[in-house]
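In what follows, chain A forms one complex with chain B and a second complex with chain C.
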Partner chain A sequence: MNNDKHTVVGKRIPNVDGYEKVTGSAKYTIDMVLPNMLHGKILRSPHPHARIVRIDTRRAEQLPGVKIVLTGKDTLGRKNGIWRSYRELCDEEILCRDKVRYVGDAVATLAATQEDIAEEALSLIDVEYEILPAVFNPLDAMKEGAPEIHDGCERNMNVYRQIEWGDVEEAFEDCDHIREDTFYCSSQAHACLETHCAIASFSHDRKLTLWTSSQSPYYTQVLLSDMLGLREGDIKVLKPHTGGGFGGKLSLDSAQYCTSLLSMKLMRPVKIVLSRAEEFAATKRRTPIHYQLKLGAKRDGTLLAKKVRAITEGGAYTALGGTALYLTGFFSSFPYKYPNFQYDGFRVYTNNEATSACRGFGAPQANFVSESQVDMMAEDLGIDPVEIRRKNGMTPHHEIPDQAVIQSCGLQQCLDAIKKYIRKRGELPPNHGIGVSAYGFMSGGIFNWIDTPYAFSAAMVKINVDGKVDLFTGATDVGQGSNTTLTMICAEELGVHLEDITLHVGDTSVCPVDLGAWGSRQTLMSGNAVKMAAAEAKRQLLEVACYYLKPNIVYDLNIKDHWIHFTERPYRRVSYFDVVKDAIRGKEGNPILGYGHYTPHGKGMVSPAYSFGVQAVEVKVDTETGQVDLVHITTAHECGKVINPIGLEGQVEGASIMAAGWTLTEDMQTRDGKIINDNFRDYKLLLAEDVPKMTLLEVDTYEPEGPYGAKEAGEGLTIPTGAAIANAIYNAVGVRIKDMPITPEKVLRALEKKAAEEKDSEQFVAAASA
Partner chain B sequence: MERIIHLNVNSEDYEVIVRPRESLLDVLRNKLNLTGTKKGCNEGDCGACTVIMDGRPVNACLVLAVEAEGQNIMTVEGLAQGPDLHPLQEAFIRYGGFQCGFCTPGMLLSAKALLDENSDPTEDEIRKGISGNLCRCTGYTKIIQSIKEAARTMRSGQVDERMRANE
Partner chain C sequence: MEVKCPVCNKQRNSSMKIARHIFGTGDKSHRGWVNSQGVSFTDLLIAQAMEAGNRGFTTLAEIIERVQETA
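Here is the complex of A and B:
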């Protein structure tokens, strides 16, 4: 299936945005200035839970240069939420009217002529709060009598999700061995290098233009329309280059909303850029989760039943947390064929910053706990960790009842590749260990959160008289490289060169709707839409070419290197440029237009396709300090046909390191609801010096649902690293860390405990034999 | 309160009125419209604002504009010479040394400062050389590779003469 007739797809194509990005000419929202523009700031609550008694803005308004101060009372009082059909899940006012629910909740916003005047004015706003009791731990928040964070929400239960197939209780009866374990997965900041920012410009024609750093301009447009009471068509969202997203730029944010409100009152452009501290404290973050797992197996390693209970910390609002709750359950079954599975997931409000989507969307958490436990089970049963995974691993054409239809699946080949690598690595030095983790992820979610009637992805291809091609897509490049991938797909399908294509993205007023960058969806979904649009434009050209080439109906025509030719006899050909001109003449002077769209159908509840992989991480543990060093990360990731190997490698490397940071060093520390390490000195991303060698092992598969057989390669790669590191530490020094992050202190404490236990047991043996 | 300072940025002379508290970063971005230099944290932790000041890489957010008086400064906009990209820029494109691109200008200038000092750095030296620059996207691997390849190209003498003159 993996034919290599492709001219563009599969080649190492440099990123199409490269020239702009290496010369500094790439404009990000943060770089933009509009004529007559004002600077906005947001006043945020210092309290985790409080009623707003009174806000006095007079002193701030009187500061020279301040143009306006707005509070929640100046809004329509609507609540934002991505599940527009479920009003109870639309729970975020963004600019609070009566109550604040976390340290960072916005209570006022203002605009001034200068940024420092705006900053100074914030300190002149006088807010009187009535402090309410707050709760920070979901296990406390769900107790009877806990402070009620949202009115009428009993025991702070935000969302409950259950997934079930088979009969776990009955199956546990048949198991030879059962393990019950508890785990904790910590939070993580998205830590995009470009903080959230927006410039809103509303004028007397009552139309709003918003430039913003966003993963989904369409969602921003729709959600703003709800919040501001404007028609969608009166809001134009423009997304310049965006300095990272990772799930954090998917919800409507305070910069987007407050700039819009301010501009609508002032009829002038207003810009807000969140500070790094605000970025940490007042956006969204990865969902921390408490797990209880029960896993039952037969003596031969067959995994018969799994029961998962997860309590996820919601923080103050729903955001996209409901989906993280569902996906952490769903992916707790991955990548194995459990005949019996049960998941109960509870998302609980607390008075912390809200949790939401973050690269992997609940799956990295599920994998950390599940793949740690699978290793423990393998050891209990005396089975090789790779072999227990092989025995239970998913294979092609697997169905999960009522949930998912898996077509391509290269998990077994990935296991082979990793096994071979481990064997080749041979004997390890002392205190080194290799841990493995197997995983799978979705190629885009079948989740229509906002209830749009539009296709999930759409694209338009326009061929102009000089043979140049305009590609319009609503797909969103936030660094992951979709601009390059989609240009490549268009070039491949149409048979033109990459240089022939001009990409038009990031403008809701001209680009067809696409749901944007989340859930690893754009290669498959946006890619299918682009491919369809290009194919439709190409069909129109071939129709005209037939008049020249007069092929017998059994022959195919194709386009390559600016010639339209017989596929089998390329010397019988006509110029692409001549055909384009004639095609336009024949269409009464209209350009050639192709439109394509994609919405998944008949593929279950979750995704149209799944990628799979296995990762092996080698670590070195310093037994004196507990320090864990990464030595080598080796990944076998099957994502169907690889569209661009440079892009794939970049995703594997970047995701693995983001996940390794989450596992080892990135620890959001809070005190009374306030994040105390809200800067890059104290919140530690991995540095170039911490990063090990990384190797990507090639595994060939083909996904019938994907463009040219392609699947995802973006978020999925954040999934395995946590468990692989935990397993590697165990294999290196024999300690099992079940709560993240795996800090040197935890490793050291575990080593000391292990040594004490060993000493005890030695004394016991000595006493017994005396 | 305000005063006039003289800066030489990318071989061009500027006279700028600055306030005492104003950082070099804000002057570059807001007054000279050189927005290639990025603001990622404004507290010297992320390295996105790295520029070369009198031969040394500095975080422009931590340098007061008045301290930069009379200094020669190079920003990302000064790397390419007309149509010719600097070998580092070529290598970053060719080997995928960026994704979102926000850390890239700072990364390029840290790399340039490193190669100016050491034309044949080891991989560890490259890692150390860019350890003040955070990247959330790439996992650094392709950045390190890009710098290594650029160093090789530059050593093999394929550098445009004009580029050398500028260094």
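Here is the complex of A and C:
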């Protein structure tokens, strides 16, 4: 692609909402106060599994300032779930009626005039529980005689998914070398700076307005409508700035549901902000997974067959875990051309907090295990780890049978770039190691969970008489920068300046439907919708401009710098503002409107496009303490045409560090189902001082399905870091950790074991030679 | 040899692949057919998840072969 053709796309543009965020003037739901507003709280179960015998709310109701206390009996008794076509997977009441299934399940909610009164009132609700046996490990939960968490769900088997092509068993017979390994990937909290929160206001015309921190206002609207028995059009969801989502704010949550219930009863606005402890306990988390992998190769490094078995810990409810289960299987085959592949995934209920989507949606787990094993295979065969990846890596137009067609793919260029970097780095100091990992990810998912008849993304562009442009989109900026990306795409397509555009987002009553921010979908899907809407509006302007410029039919017109001109002869031009005015006059005074939409069709099962990349992480291992320090992270990420390089850099840095934290330090520790490190003192996120220098290597590709050739650059960047760190540790000190998180204790134990084995071996050799 | 799914008549080249298809589909009719053969769909699925090897699926594959032979 020739970058010079673009006036906005590809330029380094600061976030359109950056000033507000940096100066602290940006308003988040958590900051908002409405007149006459009450404060809500939620009472949560202290037991992992119990029957609710009786709830006595009288003492709480009598506390001065308390306005109402509600329990599950005050609800319609419906079960929440995003899989609306599969009702058996809609299994979460949110406000439990008969039974609690994890520590944190909600049993009552109340509203009071002050937050501290609401807090005090919670302690006055008496709940009598009949404690039931609980099970916390998926392997135990499947055993005969294990407690049944959901009635009728035999042995707690929640979802089974399989993927297969070729014939793995036959192919293993043709392999020269086969590896079988087991791995465990741990959980991770989303750890959003803004905890889940909502303000609901139900008015006398029976319309509900909800301000909330959400990744998808549309999903929130639809799911609330199901749960409350209101029509979708009677619910307006407003999304102010959002302080992070990472998959945790995608489905309906307890703050959104309880504030709505309370406000509907009281006809007053009610606000609930989850505490940090509630955020840890009751907002879902990354799916922990036990893997068994079998990988077969020819002597020359050709990977012939791969078999993956995954058992995921589902926690108490389905949430979006079925998709994580499928995607961890699908991405276990990435980014290689396996001729034979088989995946069996089992999701099992336990009495822990439910697991769901978390940045990367099952792919980081798949990559940790797969890319660790590919490195082991390379060593077994005596092949350079970059070369085994090159030999088997995906290339453009690769077809994954019955699953996907890869159109653009710059994996080979990424491998070249990383190999060059490693060579340039030269010899490493003692106990330093570089590990690599190759990956790919989807640019939005082809998953219509809620069975919407609407387009996946839609946008509207309105050009007003002064030439200013209003862009309406349902896309959701949760900090990843989609507001900026979409404004840039609109400006580029329409030929106007960024400051000509006013963006309207986060209001379901005026913005077109968009499925929201998940699966790295906004740039490609919402971007295509915006581009189409802008092109439609532009077409209407050019029609009018033709009357002024009277071009020969072979000439094209374009818009740039507020002039409409011949593309090839820019000096033949007419004022953009004059044309806008005449176009509006010609429409009987109506503004110029352009509509755009995007829904993937004929693009396989998973995604319309895939990004690819390779990451190299250098670590330093302290052999006395087992401490692993990150020295340098270098990423070659190909995401088609980069719309905004600043946005890409931000995503590389944020995603890499989030993944490094998951790999090294973040560990949700539980005792009898209760998360015991439910705060940022004991739950160890990486800090600024832990962040190493990072380098982004540019790799140019063009994705025909994406706007201007762009594809994803968000979640995918979370994928490679875990395996790259594990491989780097092995290369530094020779120990392979297959069980996350890779804590200093595990490294130290592995080093001691290695030393003992080496000593035994030396003694054996000495004895044999004596 | 082509093997047919006893529930939906889908064809595959081995009974093992039909067994995988039955578990993969997992709807009420496929589940019900497995349970009607004197084994438990869930037990076989869990055997497949928890045990090394393929006992869960091979057990069903053998049943499918038997049913096909007697049909």
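Rule of thumb we're sticking to: the second predicted complex is superposed on the first by the 767 of 770 C-alpha atoms of A that agree within 3 Å, B and C clash if a C-alpha of one lies under 4 Å from a C-alpha of the other, contacts with A are read in each partner's own complex, and residues count from 1 in each chain.
One rule holds for everything that comes next: a residue touches a chain if its C-beta (ideal position, glycine included) is under 8 Å from a C-beta of that chain, and two chains touch if they have at least 3 such contacts.
This structure is a prediction, so every number in the text was calculated from the model and none was measured.
Trainee: Is A:Ile30 touching the first partner chain B, the second partner chain C, both, or neither of them?
Mentor: First partner only.
Trainee: Looking at the overlay, what does A:Gly650 touch: chain B (first), chain C (second), both, or neither?
Mentor: After superposition on chain A, A:Gly650 lies in contact with chain B alone.
Trainee: Quick one: name whichever of chain B and chain C touches more residues of chain A.
Mentor: B
Trainee: Answer with first, second, both or neither: which of chain B and chain C does A:Gly244 touch in the superposed model?
Mentor: After superposition on chain A, A:Gly244 lies in contact with chain B alone.
Trainee: Answer with first, second, both or neither: which of chain B and chain C does A:Glu88 touch in the superposed model?
Mentor: In the superposition, A:Glu88 contacts neither chain B nor chain C.
Trainee: Going by the contact rule set out at the top, does A:Asn679 touch chain B (first), chain C (second), both, or neither?
Mentor: first
Trainee: For A:Glu119 in the superposed arrangement: first (chain B), second (chain C), both or neither?
Mentor: After superposing on A, A:Glu119 lies clear of both chain B and chain C.
Trainee: Flag every residue of chain C that touches chain A in the complex, lowest number first.
Mentor: 20, 23-24, 26, 40, 42-43, 45-46, 48-50
Trainee: Any idea which chain A residues touch chain C in the complex?
Mentor: 139, 142, 154-155, 157, 160-162, 164, 309, 311, 344, 346
Trainee: Spell out the residues on chain B that touch chain A in their complex, using ranges where they run on.
Mentor: Those in contact with chain A are residues 29-30, 34-43, 45-46, 48, 75-77, 79-80, 85, 88-89, 92-96, 98-105, 108, 124, 126-128, 130-131, 133-144.
Trainee: Could you list, by residue number, the parts of chain A that touch chain B in their complex?
Mentor: 14-15, 17-28, 30-31, 33, 190-195, 241-244, 246, 273, 275-276, 478-481, 646-647, 649-650, 653-658, 679-681, 685, 687-689, 691, 694
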